[in-house]
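So the structure is just underneath, and the comments pick up after that.
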Amino acid sequence: MPFEYRLKRRVQFYETDMAGIVHFSWFFRYLEEAEHAMWREAGLSIADGSGIGWPRVEASFEFHRPLRFGDEFDVHLRIVGKDARTIRYEGIVSKDGARVATGKIAVKCVSTKPGEPMKSIDIPAAIDALLQVAPGD
Amino acid sequence: MPFEYRLKRRVQFYETDMAGIVHFSWFFRYLEEAEHAMWREAGLSIADGSGIGWPRVEASFEFHRPLRFGDEFDVHLRIVGKDARTIRYEGIVSKDGARVATGKIAVKCVSTKPGEPMKSIDIPAAIDALLQVAPGD
Amino acid sequence: MPFEYRLKRRVQFYETDMAGIVHFSWFFRYLEEAEHAMWREAGLSIADGSGIGWPRVEASFEFHRPLRFGDEFDVHLRIVGKDARTIRYEGIVSKDGARVATGKIAVKCVSTKPGEPMKSIDIPAAIDALLQVAPGD
Amino acid sequence: MPFEYRLKRRVQFYETDMAGIVHFSWFFRYLEEAEHAMWREAGLSIADGSGIGWPRVEASFEFHRPLRFGDEFDVHLRIVGKDARTIRYEGIVSKDGARVATGKIAVKCVSTKPGEPMKSIDIPAAIDALLQVAPGD
């Protein structure tokens, strides 16, 4: 039962801005990449066509150091909280062992039907059983 | 019946890359913005929930000059060709009257059903009647 | 002396994801657009080539409702805090008067030289004089 | 001496749009990723801080099939042309052996100085020696 994931990634050219560093909006995408890779490893998909979605209800980052074009970095994602309808993740972005940024995301389980508003629902038992809070959190 | 559209736009910070200029991938989005604005002006929507989609089948750009953060620019979009299933656009991006880039996009009309592959169909008459090829093209 | 800015904006097609809503990473860009527009209105530029930069040190959003393709929305940005080296913004994203999301960004003033790490410095007096904390914050 | 590169990649969630497929602007970024990976393999960097840049002068794609979230795909990039100041690439995007899209990019060698316009120059001999046109092209 997965509770963490370690993503290795390299900064792409189009992720940089004219300041010569990765634009901060990309870090939220890096975290999401790690989240989806963790789900895939658990045999799950964040978008499996079953009418369930996982919109973000909170997302935050603290930035300590910049990343630059070509940099190799790690995202260490952990599930740090879970209740009936919400999963909370924390992700630490680091480069050569030094912390670059720390992010948090909370996602909610919703049912989605075309033409109807999304509606908050309980996390299905089959998914809930496969994702657990990281020990120590 | 619209056959052209003039979009005014300003370069955003996150559209630049570490070379200090707009990343070339953004020009394709600028053209699409103009296309969708033209449809809106005609009372149409590129995504109206009716099970019809408009995927791009060809897209190209020639780049003459760079755009930089804060630059104001124009996109002059014209419909330059149309047949039963395809619409062809050309868009000229300019800044202070000087040509920056020239783009072309061809889009195809398809029917879309969840879980099924997209299928090429004829452009619905109601849409076809509202969009025409620009005079002189 | 500006302390707030109201940006009107429309959701672009390329800002949506397969869930049919704006991808959450875009809200951070919307806030930045409002920030840069406020600076422009004050006669300032966030990137004026003078060797000063404004990297984000914190960024967060709470999401209440989704935005969809074509939606018109507002970003009401306010300066909510300022010290010698940091500016804090809060931005409320709303649509038809209903709150969609609430974001916060903290930016730091740094000196930037090619090939050297960014270094935290005091906000130049000329800039500091033009930006003030919104009354009531 | 490299003349081709094969990139393996997976579609990320944020690369999809509300039509449920990868937004076409991303294919241009996929091609660029392969280009930069090829340069890296050759011991080169597209952005080495030496005052040389490689802006795109032409970019085009033909799209045959869509890509969807989670899809694994390949980009087979080849150098198909080269003269004193320009390199031409072709990239074939495929999935499970079926062709998804075919792209072409032409890049020009320029000198870049802060505050000055980019100026077209000859490709430096050290770079020219390391990149060659693919046999048969």
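First chain written, first letter: the chains are A, B, C and D, and each begins at residue 1.
The rule is simple: contacts are C-beta pairs under 8 Å (C-beta built on N, C-alpha and C of every residue); 3 or more make two chains touch, one makes a residue touch a chain.
Keep in mind that what you see is a predicted model, and the values were worked out from it rather than measured.
*Asks:* Would you pick out the chains that touch subunit A and also touch subunit D?
*Replies:* Under the touch definition, subunit A and subunit D have B, C as mutual neighbours.
*Asks:* Given the pairs A-D, B-D or C-D, which one repeats the contacts seen at A-B for over half of the pairs?
*Replies:* C-D
*Asks:* Looking at CA centres, what chain is most distant from subunit C?
*Replies:* Looking at centroid distances, D is the chain farthest away.
*Asks:* Measuring from the mean C-alpha position of subunit A to the mean C-alpha position of subunit C, what distance in angstrom results?
*Replies:* 23
*Asks:* Centre to centre, by mean C-alpha position, how many angstrom separate subunit B and subunit C?
*Replies:* 28
*Asks:* Based only on mean CA positions, could you tell me how far subunit C sits from subunit D in angstrom?
*Replies:* Taking the average C-alpha coordinate of subunit C and of subunit D, the gap between them is 32 Å.
*Asks:* Pull out every residue in subunit C that's touching 2 or more other chains.
*Replies:* 13-14, 18-21, 25, 29, 32, 47, 69
*Asks:* Can you list the residues on subunit A that touch subunit D in the complex?
*Replies:* Contact set of subunit A toward subunit D: 12-14, 29, 32-33, 36, 40, 45-47, 69-70.
*Asks:* Subunit A touches which residues of subunit C in the complex?
*Replies:* 18-21, 24-26, 28-29, 32, 47, 53, 55-63, 66, 112, 118
*Asks:* Using the touch rule from the top, collect the residues of subunit D that touch subunit C in their complex.
*Replies:* Where subunit D meets subunit C, its residues are 13-14, 16-21, 23, 25, 49, 68-69, 114-115.
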